[in-house]
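A short write-up of the structure that comes next.
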Amino acid sequence: MIITMIENATELEVSQIVEHLAAGEFQSRISQNGRVHIAALGKGRAEEIEKLRRFSSVADVAKAEQPYVLASWQMKPERSVVRVKAVEIGAEKAVIMAGPCSVESREQTLSTARFVAANGAVMLRGGAYKPRTSPYEFQGLGIEALKILREAGDETGLAVVTEVMSEEDVETVGQYADMFQVGARNMQNFALLRKLAKTRTPILLKRGASATIKEWLLAAEYLLAGGNENVVLCERGIKTFETATRNTLDLAAVALAKELTHLPVIVDPSHGTGVRSLVAPCAKAAIAVGADGVIVEVHPNPKEALSDGAQSLTFENFAALTAQIAQPIRSIASLN
Amino acid sequence: MIITMIENATELEVSQIVEHLAAGEFQSRISQNGRVHIAALGKGRAEEIEKLRRFSSVADVAKAEQPYVLASWQMKPERSVVRVKAVEIGAEKAVIMAGPCSVESREQTLSTARFVAANGAVMLRGGAYKPRTSPYEFQGLGIEALKILREAGDETGLAVVTEVMSEEDVETVGQYADMFQVGARNMQNFALLRKLAKTRTPILLKRGASATIKEWLLAAEYLLAGGNENVVLCERGIKTFETATRNTLDLAAVALAKELTHLPVIVDPSHGTGVRSLVAPCAKAAIAVGADGVIVEVHPNPKEALSDGAQSLTFENFAALTAQIAQPIRSIASLN
Amino acid sequence: MIITMIENATELEVSQIVEHLAAGEFQSRISQNGRVHIAALGKGRAEEIEKLRRFSSVADVAKAEQPYVLASWQMKPERSVVRVKAVEIGAEKAVIMAGPCSVESREQTLSTARFVAANGAVMLRGGAYKPRTSPYEFQGLGIEALKILREAGDETGLAVVTEVMSEEDVETVGQYADMFQVGARNMQNFALLRKLAKTRTPILLKRGASATIKEWLLAAEYLLAGGNENVVLCERGIKTFETATRNTLDLAAVALAKELTHLPVIVDPSHGTGVRSLVAPCAKAAIAVGADGVIVEVHPNPKEALSDGAQSLTFENFAALTAQIAQPIRSIASLN
Amino acid sequence: MIITMIENATELEVSQIVEHLAAGEFQSRISQNGRVHIAALGKGRAEEIEKLRRFSSVADVAKAEQPYVLASWQMKPERSVVRVKAVEIGAEKAVIMAGPCSVESREQTLSTARFVAANGAVMLRGGAYKPRTSPYEFQGLGIEALKILREAGDETGLAVVTEVMSEEDVETVGQYADMFQVGARNMQNFALLRKLAKTRTPILLKRGASATIKEWLLAAEYLLAGGNENVVLCERGIKTFETATRNTLDLAAVALAKELTHLPVIVDPSHGTGVRSLVAPCAKAAIAVGADGVIVEVHPNPKEALSDGAQSLTFENFAALTAQIAQPIRSIASLN
């Protein structure tokens, strides 16, 4: 159930409702944006919900329309803006996150960070712990990579996002990163989600390669229900029968996710396509469809990259991408 | 093999090569755009290809890099523009095709045609023969619908595209339509493709719901190899596990198809998503990714449509779509 | 609506009901198995259905529970057995159909037919008209192949099944074949289905590579509604993200189709897997899951096959397959 | 690289090779089945591999043919049998694991365990920690459930398999369970795999809902490379466009996995289909295709199950399933 408070409800009035719900064995989650909305979660005593209507501080009591209660518009009727240091994701302007797939060296990471910072990026991405299909592939530099990312972020002013794969690494990664990334393979690693939900660090939640939009939003709900509201969704392609691209980038899902939830949504056209030449047109299409930003892989020398070389942009490609996004789209033909 | 002629090769020189190939049991297909390119098709005698290098009119002999020889850039190194009456598909401006899923009545079709013509469309779409999953669903008005479409096209100046489902209907449909549509279910109906290839009427070839990009281009190749060069590709979504949308619109496939072939590519966001509210953002994303146009379903009263109501735009929605495409896309945030 | 007649309804009584329905603008389809069932199809006057209850010859009037009315159990409460010459598909024993992907020569086809006839097959398969992804691939020998198949069938006693791809070939193929095959690509070629429905020749309807079970049964319904009751379904694998097999063989779909319809269902493990070594285990699993038979590709020399060599069985493989099917399946361990 | 030792290589000879490899910066993994095979892992100095040929104890040095070196036949040329208490998985007889989706109460679990133990099962399954799509669904009884499972296993003699979802729960679950289950969602939770690899407890590794066979075997390789050889693979259906079943059970993948690896493979037809009536036919087909066993969900009262009721067998269904597996499969029709 979702309780909408009257316009100028006081803190006292809000806490009265929360106490009433607690007495009825409901948990509460509060969303405060002008109006206060309270979600009553769990299997409490339904009759206590009915009694809420008698409180003069309560404007409305409604059934949750979506299973992802906290992520839905009902609970928060305005777009969420997630702040990562100075960066605002979900605000008026779209954001570009860029950087190498894996942090391979200080030199590689710093040079990339400098270039992307000078060419339109506001956040630095880079893998320290890499989820690799084979145990014999490069698994990332770990803490050493985290330190390099921190240095690169501090020098350039870019906020840093990096993946955390293990519950046991949450604390360490949190010391260096400005934003956690939950990778596609871990979208339904509920133990990891529960642990991350206890932090206040923003989280970039990638859609699983075979996750429905509903499953994706429910994964976000694990984070919100666990107490972390700073969630950004990331579409990165789904697995289909098509083999010419690494995944099938689902841009309609971006438009749909933005209809279903107040959370910001960005797009990863690098993993979404796996093909360098498709990254820029798909990044532009992502912004056109309504995404709040894109995250792309950039490498000083993609041919020598330890991972994802085929989809990594060169510096030149990256500069071309930001230029291409800025250009107007094709105009429409008319009769006569 | 692809034979590139010298810059000012004469008709005589070209026909000498064609004769030489015929003697070697190869078929020829000629593409003429400034330079003449000749594709040698079939399993002829390889040694005759080698002899071609001795002709002074031959600039180059190269292996075909793609299995869809005629659709590839090698055979025609400039974008194809397909002309449907006054409309140019693949030229500088993007085109909008719009109209009802099914032609249901003269009134419905004419009113829709008038509205879309006045609001940015240059072509009218509408089904006369409908491929329906069940034999008990509305199957289209047939010839009556073709006559209505022709009337609507003539009155408004819109060129008319409509689906042909049967080899036996090719002649009839060709009498009324300006462009044939081959539906997704018939993309690999090779008997139909062969028959259509013998006409000179432009063809809109929809991608099958589970066709790879390669299979789609090879279906186009059936048309080109059969003698019809006026082929426009149409991405309309592929089948995936996602159920929140009717199909998964594959916009990266549009960018990739345009890399692989000289043929124009348009997008159908109505079937591609199956959700009315997603049509406009996906249409805009389609243009942004490089599509040469979009085809959308519009109905005076979608709730009463005999087919595809959930994805049909109202007149108001259609006007909003063209307005939305014209607006600039979001700009990019920068570091302070 | 489905009308169940009383147990010993006379022809006269049945025709009275049919006339009554016709007067109410319903079409009728009759199924006669002990009890007569009549399906009232189309959008007639609902009140006429109600009046049916007053006829003493009518035992029950019920709503159709499935969209594929004629294929459902409601309309025919016993398994259909489709007879193809002496072969009974859907009867107590499972049937094996075998033969080359394409008819390549008289010698190849006759030797294969003789071998499979002597080793457990009761029907011969072989392609005369081949649906090929590329226009430049071998397209089949056409009528010449039909004649070879007929000769091989007559000599060995095998009934002959072969694909028909074009409305225009229906008559010709019907002169030579004992059973039409509708290929996966043509499952929703409704023009072809309508034409085949007018014949009385049995039809093997392959499931489309991306067809849901419901779509598949509705394609069968086109045949039944058009007047041809001799329909056998064939599961042949669906398109998924998996690339180690050509398709993903959906054996649960076989069990489900047999729950939903009275039609026989067979399985094609050759196309279903695309891998020679998987054909025999999957054929056995198909019989175990409840299939009424299997259809497999056999070639005297798969390495030189003009199509589908990788999945074709050698003669030796085929003999091993029939032997493997006959062996008992593994027994179950128990707690001592 | 894979080093095959001579037939009667001594421990000393084996350790000499391991030391030589270590000096060349290779890691070693040893497989001992009559012949000793040593896998040289990592990026050591290639020239040291060459020198191995000079050792008289070395019979052969060969390149690994598969990326999943330790799981491949090259490394272990005989089927692995994984022992879970008295149960042998991968041995002559197939095994049945059965039990409730979730442990809901002592009574439910004990009654189910007693019934399945008396009717053909040798292992008990049951969820203590449940991976649930929504944070608001029943998440399992945790340690309390583990204790109930242990009690039920001890009383009935059934070995106990249960899912572990969190790195932090590995130790606790290991105290109660005889076999860990890694769920489909965690197949590529590499942090969890690495932690489990350090135990000696057998592991049931479910295939991810969108994992290719190669990805699945590489996930197993994480376990083997980490030191745990007691790995059993479990096919449980993949995500496709089909909605009539919960997943598409990929039985060809079972036959293929058994060709590619020495590890035992079982099948979960409950999750694989999501439909009660399909569980028994698919279980039988699984054994027929070559699976080493099946794992099925059984509940005293599926309608009241807290999870997966629609696919859970009743006690009666379970007894029918074991009976059905024991019956011979249909015989094959022959010509006259």
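Residue numbering begins at 1 within each chain, and the chains themselves are lettered A, B, C and D in the order written.
Note that contacts are C-beta pairs under 8 Å (C-beta built on N, C-alpha and C of every residue); 3 or more make two chains touch, one makes a residue touch a chain.
What you see is a predicted model, and the numbers here were worked out from it, not measured in a lab.
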item: Higher-contact pair (C-beta pairs counted), A-C versus A-D; value: A-D
item: Listed pair (A-D, B-D or A-B) duplicating the B-C contact set, over half by residue number; value: A-D
item: Chain centre separation (subunit C, subunit D; CA means) in Å; value: 36
item: Intercentroid distance (Cα basis), subunit C paired with subunit A, Å; value: 49
item: Cα-centroid distance, subunit A relative to subunit D, in whole angstrom; value: 34
item: Residues within subunit B bordering two or more other chains; value: 210, 214, 239-241, 243
item: Residues of subunit D defined as touching subunit A within the complex; value: 41-42, 67-69, 131-136, 165-169, 185-186, 188-192, 208-210, 214-215, 218, 221-222, 225-226, 239
item: Parts of subunit D lying in touch with subunit B, wherever the complex brings them together; value: 210, 239-241, 243
item: In the complex with subunit D, residue positions of subunit C that touch it; value: 86-88, 91-96, 117, 120, 122, 156-158, 210, 212-214, 238, 240-245, 248-253, 255-256, 259, 269, 272-273, 275, 277-278, 281-282, 284-290, 293, 322, 325-326, 328-336
